[in-house]
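Next come two complexes built around chain A: one with chain B, the other with chain C.
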Partner chain A sequence: MKNYYSILLLLLFVACRKQYDVALPDQRWDLFESANAVALKDTVRNKLQGVFAIGAGATDFGSLAALKWSYNVNGTDTTYYLSVFCETDVSYFIMQGKRLDSSILLNGYWRKMTGTSTGKARLTISAANGGRKLLTGAVFNSGDIVIDGVYGNGDEVPTAPIRFQYARPLYNARPLEIVVHRGGGQTADLLPASENSAQIIQWASRFGATGVEIDVRLTRDGVPILYHDDNLSERLIVKNGLIGPVEDYTYDQLNTMVRLIRNNERIPTLREALQTVVYSTPLKYVWLDTKFHGNMQLMRDIQQEYMQRAAALGKPLEITIGIPDETVFNNLTALPNYQNIPSVCELDVDFTQRANSGIWGPRWTLGIQTDKINLMHSQGRRAFVWTLDVPENIKQYMYTNLYDGILTDYPSIVAFYHYVRP
Partner chain B sequence: MKKYTLLFILLSSLLPSVTAQEVPIDNLKFIYYPHPLIRKWTTSVGIIATTMPYEITEELHYRIPAIDVYTVHRITDHFSIDARGSIQGVQNIFTIGPKWNVKLTDRVAGSLGYDVGYWFGFINAEGFKTTGHGWQNFPNLSLGYRFNKAILLTFRAESIITLNIKAIADQTPITHNYSRLSGSSYTITLEQPFYGNKSLTLGFSAIYSKFFWQTWSAFTNFDRDFFYPQLIVGLIL
Partner chain C sequence: MSDRKFLIAILLMLMVFSVQAQGEFTSQPRHGQYSLVAYVSGGLGYFSSDKGVPAYLQTSVTKLSPVTSVRIMWFPDHLLKMGLETGYVTFYSYNITDSAGGKGKVSLNAVPILLVWSMSITKNFNIFAGSGAYILNTQLDYKEKVISKKFSVGWVAAASYIYPLGKNTGLGLEGKWLYAAETSNGSLCTQLQFVWKFLKW
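Moving on to the complex of A and B:
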């Protein structure tokens, strides 16, 4: 009889799940790397933003795209990225730009976030199609700038044609904080870096975010670090035999023995994460999701220090401490001058008022709470909804004009719906 | 997965030994084996434990097993109605459908069926004020083999067709983008006499699907198949 049960046992072991991954396509393009291709000036980049109509390629990416620049600073080097936010399948392009004679070259890749498809993209704005106007600073109108190019799958040589034609400027009538979950997105979405890593924070603005949410825990020796789950798990870290809560380990132990799953990154300290935000990105908002129950003075001190550092650079940056439950509420309100601590309260409006939180953060699965949001607005507070990932519902919540921020795993689709608003 | 393996070994050790003597099919109770039914009604009660993919549930990898009640009703020699409910409280599914059973040889039987399923769930806690329901259909095919001992081995393959998903957060409708052909599942079960006149079913199911009803409240955007292994334990009354 054991033979029969062996069949079942065998099935348990042979049944397996497909392992998905998304690798960044090789983005080398000889023309783009040629000696004659030079960096774009700020004035050109500033003009090359807006809402564009998609001609060829609309089947894959939708009929409109929002083009917006971001940057990363590494030491004395600044790298600029042109993100193209599209609607279909939560897709986007991330490109770099150069000038070649009177043309502009854009080189990068595209990705669809609902699945795993990705590939190269090579675009050109010829002199006649608006390149000269952009480079000389001439006035242009709708239809004057045409970006032509090709895209392909994976590392294949791109051959599918795509065209973007300038339609109008990006919407900016009503500000919206686009806050990306876990520093830049969840590991399950197979991003170029692990969630809650210093590396993914560098990607956040390229994905469309204006702010990041990061998860803060304390190590056994009291170092604030970024980590989401209650336990070390194969979901987030490379298997190493360590188990249990990160709070059971010292920072040195975690730093030595634990690597995050996407790129073997180290678990960053809160200081390292904020250092990245302040000195390497254009991000202007940070939501510290408090995942520990304990004294919050150190977290408060770090929050204050990095807001001061940003201010010293002349950079607008708001860092708020998250209040996800009543224990954290009690711990935060036990701090001196707690009413002056910038915070975001996920509890009901009553707690938000008692903590004097500047932001109320209701979960989206509670529905659109018009009356409470209006109450918060009447008190000079803002409302950020979390964690809203369903595209149609993102659009629906955004277009109520009630919310001041949306926390999401998919900032590119939030950015798309926001910037293409008429 | 290791937990399942240990459970199988434990349950296997509890099973009474069966003699090599041939047992007529008329004397066997079965619910998965696709032989034409002999009894008017056959009912099984048990549990189905599903392991969720980390991508969907993150930290919560295992969920409370669903109580599984499975009834088949003989209509004619070859035709039966299958009805089944998996109940967890906050999320549940009920299926019903016809099945055509045929004895192919003395030891081999097969069936074709089509189950219509309705799932529903509600969560009103921890920042959720959501309800959801939807229809899924499961056309299926089974092939069974009767060993000369009283062991019935059945392989069942079914397609998972999602007809609709409706969910609401308070008063706000939640949009689900789903694939109609969501995936498929493959189940193997062993049925054999247990104690008294009861029979025991042990089974393993491998579900590969873009949408699994127990994950309705995750509201994810993933457009890729996930693997949901299931352990099935049932007592045929």
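Moving on to the complex of A and C:
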């Protein structure tokens, strides 16, 4: 009988599954919040970008880092973020900057995407270490700007030293569209917001993306919304008793009853998502992954409307409708003037030509298709490969110099490999 | 007259005893005897999880819900029996009132289709365990009526005590745990059970 109890206890122990989560560290830093610390000017931010060598801290983050600014607009407020893209464990920092006298303070957090590690980071560029040069607009060279600071684990007071030293400007010889999957990354990666939410789209450029891929479905009453899976499930939404395809429910029902799992966000409409892209982010590209089979006129109208809105702001923005299968191809080519509709075709080059898609989007598992890409380029089209997540594969595909864009769940590592190119 | 009543009573008792002497319902195996036994049950299920109704809906969940099940078991002449079980379970339901005062109701239900194994522990006490499919369905009545379905794997574990009513029938009480993995919904059920050995060979 004792044996049975032992087996039962063992089963109970094995059945206890650890719940993983990643919470943003508390980023309050009294010095950074002090009255004397003021916002950085545009000119300073523009200079404080580039490839930096990592001294202390290289064991955790690698020997190089790419520093790049992004922003989010919220009403009349604009918040600027300095992202630090590193190689080791697909790590990054997201910081905000302020000037304090002749120094620059950078405050934020770091995260490793290969696990759940995260923590605070507090950095300083002293006046003598380049702060004065940056603030006065003086010319500086490699080694002139040194960022010193500390980082720590979780919410503990950071004590581990880290140093970044300016090496060279960011690579920009060949443009690359860094397109992040599901609006900014997968819910499974425990990001600060749920996948395919309006909130995660605001994070996308901080993660290194220049564009987003979002999944479009239609509700029962025909409203285009963002949702990836075929069914409502606890992977993506807070448990509420609703199951089955999102297409079974009206928009009102989903809007009232369904919340996404990371932060109780609402499922956004396509309009809300594009509104965020146009008015709140520096994103330049949107891939609308068509997850429904039906009339595409409304999706086309919304695409056109938001490209016009961006153009009215003088903002470069390309929104393409995805063609993932032949049914969607037939639905899209049934629209009037379909050859003028910006689209990205995942089918073969023949379909890409027939739809006059500006972008051909082959999956990476088909290999590097040099001849077909050259054919696309010769016709003025571009090639975006999807979905590349493994660093070695990202490097391999990027360094062919063939692809014009990479779709990924981990834009920070794509950004790192791209911007540190010599 | 009273003597006749007494005699009739005695005869009835003898008949009952003779029936019992021939054998009352039991789940225990008899050498060379095979049978099919139907279990028809009804009762209440208790949804034991706190999850299910998100806080933002500001409502309370109805955790006690009706459960019915039908089970057909093959009784061979050895200890382990097998069969199929189906039925209908409501895991939980709740009412909502939206910010505009609109009312709605949600219930999450399932039709289990399970392969069940059973064993007699004593003459009248049996344990059951099985796994299979749950055809889950959400019934939503808010602004419009929606019934949405999804398939899930799941399992059942149960124990029942059968009080014999006759050679081929019995009345039982069953405790049961029904679990659908897809939505992590479990229901702890108590059911009254009618058992009928309807075919023997």
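Throughout what follows, the second predicted complex is superposed on the first by the 407 of 422 C-alpha atoms of A that agree within 3 Å, B and C clash if a C-alpha of one lies under 4 Å from a C-alpha of the other, contacts with A are read in each partner's own complex, and residues count from 1 in each chain.
Keep in mind that, in the parts below, contacts are C-beta pairs under 8 Å (C-beta built on N, C-alpha and C of every residue); 3 or more make two chains touch, one makes a residue touch a chain.
What you see is a predicted model; the values in this text were computed from it and never measured.
Enquirer: Give one of first, second, both or neither to describe whether A:363 is in contact with chain B, with chain C, with both, or with none.
Expert: A:363: touches chain B, not chain C.
Enquirer: Looking at A:113, would you say it contacts chain B, chain C, both, or neither? Reply first, second, both or neither.
Expert: first
Enquirer: By residue count, which of the two partners contacts chain A more extensively, chain B or chain C?
Expert: Comparing chain B with chain C, the partner touching more chain A residues is B.
Enquirer: In the overlaid three-chain picture, which partner chain does A:229 touch, first (chain B) or second (chain C), both, or neither?
Expert: first
Enquirer: Examine A:35 and indicate which partner it touches, taking first as chain B and second as chain C; both and neither are also allowed.
Expert: Neither chain B nor chain C is touched by A:35.
Enquirer: Check whether A:188 is in contact with chain B, with chain C, with both or with neither, and answer first, second, both or neither.
Expert: A:188: touches chain B, not chain C.
Enquirer: Report for A:173: first if it touches chain B alone, second if chain C alone, otherwise both or neither.
Expert: Once the two structures are laid over each other on A, A:173 reaches no partner at all.
Enquirer: For A:389, using the defined touch cut-off, is the partner it touches chain B, chain C, both, or neither? Pick first, second, both or neither.
Expert: First partner only.
Enquirer: Do chain B and chain C land on any of the same chain A residues, and which?
Expert: Chain A residues touching both partners: 231, 233-234.
Enquirer: Could you please specify the touching residues of chain A with respect to chain B in the complex?
Expert: Spelled out, the residues of chain A in touch with chain B are 1-2, 4-5, 7-9, 11-13, 15-18, 20, 89-90, 113-116, 188, 228-231, 233-235, 346, 362-369, 389-393, 396, 409-410.
Enquirer: Applying the document's contact rule, which stretches of chain C touch chain A when the two form their complex?
Expert: Its residues touching chain A are 51-54, 56-57, 92-94, 96, 98, 104, 106-108, 136-138, 140, 142-144, 146, 148-150, 182-184.
Enquirer: Report the residues of chain A in contact with chain C in the complex, numbered from low to high.
Expert: 220, 231-234, 238-245, 248-250, 252-253, 256-257, 259, 264
Enquirer: Mind pulling up the chain B residues that touch chain A in the complex?
Expert: My answer: residues 1, 4-5, 8, 12, 15, 17-18, 53-55, 58-59, 123, 127-130, 147, 149, 151, 153, 168-172, 174-177, 186, 188, 190, 202-204, 206, 208, 217, 219-227, 229.
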